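Below are two complexes that have chain A in common, paired first with chain B and then with chain C.
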Partner chain A sequence: MNKNILLSVDDLKVYFRGADGRASKAVDGVSYDIRREETVCLVGESGCGKTVSALSILGLIPQPPGEIVGGRILFDGRDLLPLTDEEMQRIRGNRVAMVFQEPLTSLNPVFKIGDQIAESIRIHRKIDADAQRQRCIQLLEDVGIASAEERLNAYPHQLSGGQRQRVMIAMALSCNPELVIADEPTTALDVTVQAQILKLFKVLQQKHNMAVLYITHDLGVVSAVADRVYVMYAGIIVEQGQTAQIFREPQHPYTRGLLSSLPTRSKRGQRLYSIAGSVPDPAHKPVGCPFHPRCPHAVQTCRERFPKMCDYGKGHLARCPVLYTNRNETA
Partner chain B sequence: MTPQASYQSEAQPLDAPLAPQKSRWEEFWLLFKRNRLAVAGMVIFALFFITAIGGLLLTSGVDPVLDPSLVRLQEKMQPPLTQPNLDSLSPGQAPYLGTYLLGTDELGRDVFARMLQGAWVSLTVGFVAVGISVLIGIFLGGIAGYYGQNHIRLDHLLLTGTLIGGAVMIAVGRITWGSGLLVFGSAYLLFLFFQSQRQIESLPPSIQIRTFTIDTLIMRLVDIMLCFPTFFLILTVVALLPASIYNIMVVIGLTSWMGTTRFVRAEFLSLREQDFVAAARALGVGDLRIIFRHMMPNAVAPVLVSATIGIASAILTEAGLSFLGFGVPPPHATWGNILSDGQNYIFDAPWLTFIPGIAILIVVLAFNLFGEGLREVLNPKLRER
Partner chain C sequence: MISFIGRSIVQKTVTLFFVSVVSFLIIYLAPGKPSQIDPMNPKFTPEMVERFRKQFHLDEPLHVQYLLFYRDLFTGRTVSWKDNQPVLGKIWDRFLNSLPLFIVGTILTWTLSFPVGIRSAIFRGSTFDRGSTFVAYFLISIPGFFFAYLLIILVVTQLHVPVIGMQTFGLGDTSPVHMVMDRIWHLVIPSVLGATGGIAVLSRYVRGQMLEVEGQDYVRTARAKGLPSEEVHYRHALRNALLPFVTMFGLILPGLIGGSVIIESIFSWPGMGRMAYEAILARDYPIILTVNFLSAVLVLIGTFVSDVLYMAVDPRIRL
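Entry: the complex of A and B
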């Protein structure tokens, strides 16, 4: 196995059982790799399984109703799924940390932020209170909070949204994790703060030599941070590749649709493109390619057979055999 | 100076805190202060506290300053503020302040001293009973709220049945059968404790049948307890147990935890879904730490409110029990039994009834107002804008 691969999710399947016993296939056979010190983006619409696949890395899927039906999650060569709760707790926050979407609600309102940052250190590292405090100040300075020492005694409601997200990042970094999962960390922030946070991620990533799994639905963010991109649709990966490959030569009709619905300067005054239809209900997915009801290129096979990944070279893969054969025929 | 420049000069550094640097307590106090009645309630609460503790110091010991059980038959049923007839009393019998502040009762005992002694009883009964009920409430409510969605498996039920059955058999004298069941039960318990999830999953499926959820178990227990008319339940229990102040506290505590349980469960159900709980879990925080360090401080507000009001109702219950003669045994004074003794002389010595009655009224009212005030401050939805 490649030593350079930090996390390898292999054919992960996470289903949620509804009250009627039907399985809602939130993640249905997803595979992705994250190399050390790399930023990987997971892109997709709301409800396509991005967050669920990230939460299952940390074993945070509520079971029941959730159920990890199959697959492996190899972190540093070790499968995380069969681990017990205690073993998982030693990994969470310590080697894999997570930054959540809503900085406004992700901090406990009744504790000072210093205590909250120190908590993870207290759990995972055996160091005395003074060292903890120094570490907290260091972390707050790292994430760009001025007068860090005084800020340790602030309560979350005394901070702005951007500052809170910085505190969340400081909490995630507190034990020098090898992988940080960022679940739409900038969605709740305004654009200027968003840019600052993205920049901060880049800086910290280089400083701490960590890999980042960045989950977002914002293609602008993707182009700014990602080394490689995985595009998800309805619980599966439809396209993957280097950021430049995905943005310059999108191969899957869904990725193409996403990119052409971005407003650009050349499209000024025109009506924006939108993908017809809506995301399928994860409990009643269409047979065959899950995208076929919305796909402008759909043919009969799309309705019958689940599409295979087609290789475009240099790590660029897309799950659309129809366009692949079309391209090869015209070439 | 141009507006631009003045803006520049007054601009705060970017890192200045955006919210006022006020601590939570200062903020609470500002809001609380606006409710006059609640402040009055709090003042009376504090006075009552001081009085009760002072009363304990003054009325207990071998030779108390104010002796609540000193009988002076020649001075019986003196109205409040009468001077004692010092000629008929031995020097040790004279009241401390040179006057019967609140009069004397039918045995010539100083009502002021008895009220002080009773205040301590009311205080301890109130606090201990509510303490017990809050502990039970937080424990059961926390379990129901946090672990509530887990199912109780059939083998858990069988195990409980086996253990109880074994204990009962030993109790009725079938030692061999009983101890057999107990040993089997404990062995299975140990097995469950040490086996991993996977090994338990390999048990025969018929035993793994899920029955009902933990939430169902606890909340139906609450419903059942709420069905009993509490006061009569307490009366029955007290009639069976030897009369003592501790039994009363425990019994009142054991019959008043249902409200707290419901509150805590409701709070936990909503807190469990909060992002900060998920964030804590993502940091590797364990279940117990999440429950007690992260969720409990967020859930105490309604518990505190219901506890304050619960103290009032515990005091009232104790007074009611003492009034009916089931409470704290006679030589010890409580407000309830002063009231109960006094009612026989309501026309000759009305102060014997009115003084404890009004004291109970004021204290209970003060606790209720204080509790309501707290509720208003702690629950932003009830705040007046």
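Entry: the complex of A and C
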């Protein structure tokens, strides 16, 4: 196995059992790799399973109703799924950390932020209270919070949205993790603050040599930060490749649809493109290709057979055999 | 903070004034009158009725009666119409009788509900959760008086311990140990009975609060940090789940004066609840109004204590 690969999710399947006993297949056979110090984006609409697949890495899926039905999650060569909760606790926050979408609700309202940051240092590093405090101040300065020492005693509600997200990032970085999973870290923020946070992420990533898994639905964020991109639709990966490949030569009809629905200045005044239909209910997915009801290129086989990944070379793969054969014929 | 205290005192004084007016009016508007001034009462001659009317100021206009009553209350001169004893003294004696029931009952309720509710929430769906849910609904459904008789049958016929009243009548000069044990036995059964309903309801409420908090994002954050599950539950979740109960803690204060009519009647316990009930039957207005006024005062103090406690535990609240 490639020693450069830090995290490898292999055919992961996560189902949620509803009250009626039906399994809702939130993540249905997803595979992706993250190399050391790389930034990978997982893109997709809400409900496509991107957050669930990320929470699975840290073992944070509530079980029940959630259930990891199959697959492996190899972190640094070790499968995380069979680990006990105690073993996972040594990895969470220490080697793999997470930044959540909504910084206000993700910080505990009744504890000072200094205490909340110090907590993971206390758990994972055996250092005394004074050293913890110094480390907290250092972290807050790193994430760009002014007068860090005073801010240690602030409560989350006393900070602005951007500051709260900086605190979340400081918390995630506190133990120098090798991988940070950022679940829509900028969605809840103003656009100007978004740009600052993304920039901060980049600086910190280079400083600490960490890999980042970005989960987002925002293609603007993707183009700004990602080295490689995985596009998810209805619990599966439909296309993957270098960021430039995905943006310049999208091969899957869904990726093409997503890119065409971005508003740009050149399309000013025209009606904005949107993909017809909506994301299928994960408990009632269509047979065959899950995208076929919305796909302009769908043919009979799409309704019958689950599509294979087709290789476009240089790590660019798309799960649409129809367009793949068309391309070869016209070429 | 100082301004909050000042504001509260002013607001609560105004509220108390309106409470006093409304309760006074309701009592006097209610049909029926004290037997001493009832012209149909064969025990009293018209002259005696006239004398009582004068003594109770019932011949004065209503607003004068109101002023006279509250003047007497604040100067401690109010007397019961039934036996001419000072009302405050009577209430104080009964209060001392009710106090042990209240204290033991409250301690039982609050110390049992929390562990049960928290454990049910953390191990949701477990045998413990299902068992405690069943017992809680059982205790909520069963009428207090019926449950009381079950307990009495059990304790009296099986354990041969008398439980009626505050102590066994005619115990005389037995050893002090025996006396103390007798008092404790008499105290335990009514307290347990008074607490069961509270435990059942409060433990369900604690469970609900805890479950809601366990689903919050910050609990997930705490887990994502790698904290052990005890710290996630008992530090991050519990601290937030407890916030609403701080408010309730201030509001148990009025229970001090309420007492429980049913339990005190069943166990012949000479407490506040029975005194107030008997005063209503006898139309002993000074006692009813005094108990009413004191309980309004305790409610207002209770809400003030709640506000202050809430501010102490929730950093988001500044008064």
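General observations
Simple rule for what comes next: the second predicted complex is superposed on the first by the 331 of 331 C-alpha atoms of A that agree within 3 Å, B and C clash if a C-alpha of one lies under 4 Å from a C-alpha of the other, contacts with A are read in each partner's own complex, and residues count from 1 in each chain.
Note that in this section a residue touches a chain if its C-beta (ideal position, glycine included) is under 8 Å from a C-beta of that chain, and two chains touch if they have at least 3 such contacts.
The shown structure was predicted, so the numbers you read here are calculated from the model rather than taken from an experiment.
Contacts of A:Ser120 after superposition: both chain B and chain C are touched. Contacts of A:Thr84 after superposition: chain B is touched, whereas chain C is not reached.
Once the two complexes are laid over each other on the shared chain, residue contacts for A:Ile145 go to chain B alone; chain C is not touched. When the two structures are aligned on the shared chain, A:Val110 is found in touch with chain B and with chain C.
In the superposition on chain A, contact of A:Asn94 is made with both chain B and chain C. By the document's definition of touching, both partners, chain B and chain C, reach A:Glu102. Judged by the touch definition given at the top, the superposed model places A:Leu159 against chain B, while chain C stays out of reach. Touching of chain A by both chain B and chain C, each in its own complex, is seen for residues 58, 60, 89-94, 97-98, 100, 102, 105-111, 119-120, 123-124, 155, 157, 168, 171.
Across the interface of their complex, chain A is touched by residues 216-218, 220-229, 236, 239-240, 243, 313-316 of chain C.
Residues of chain A that touch chain B in their complex: 58, 60, 64, 82, 84, 89-94, 97-98, 100-102, 105-111, 119-120, 123-124, 145-147, 154-155, 157-160, 168, 171-172. Residues 58, 60, 85-86, 88-94, 97-98, 100, 102, 105-111, 119-120, 123-124, 155, 157, 168, 171 of chain A are the ones touching chain C in the complex.
Residues of chain B that touch chain A in their complex: 13-15, 17-19, 21, 24, 149, 196-198, 274-276, 278-286, 289, 293-294, 297-298.
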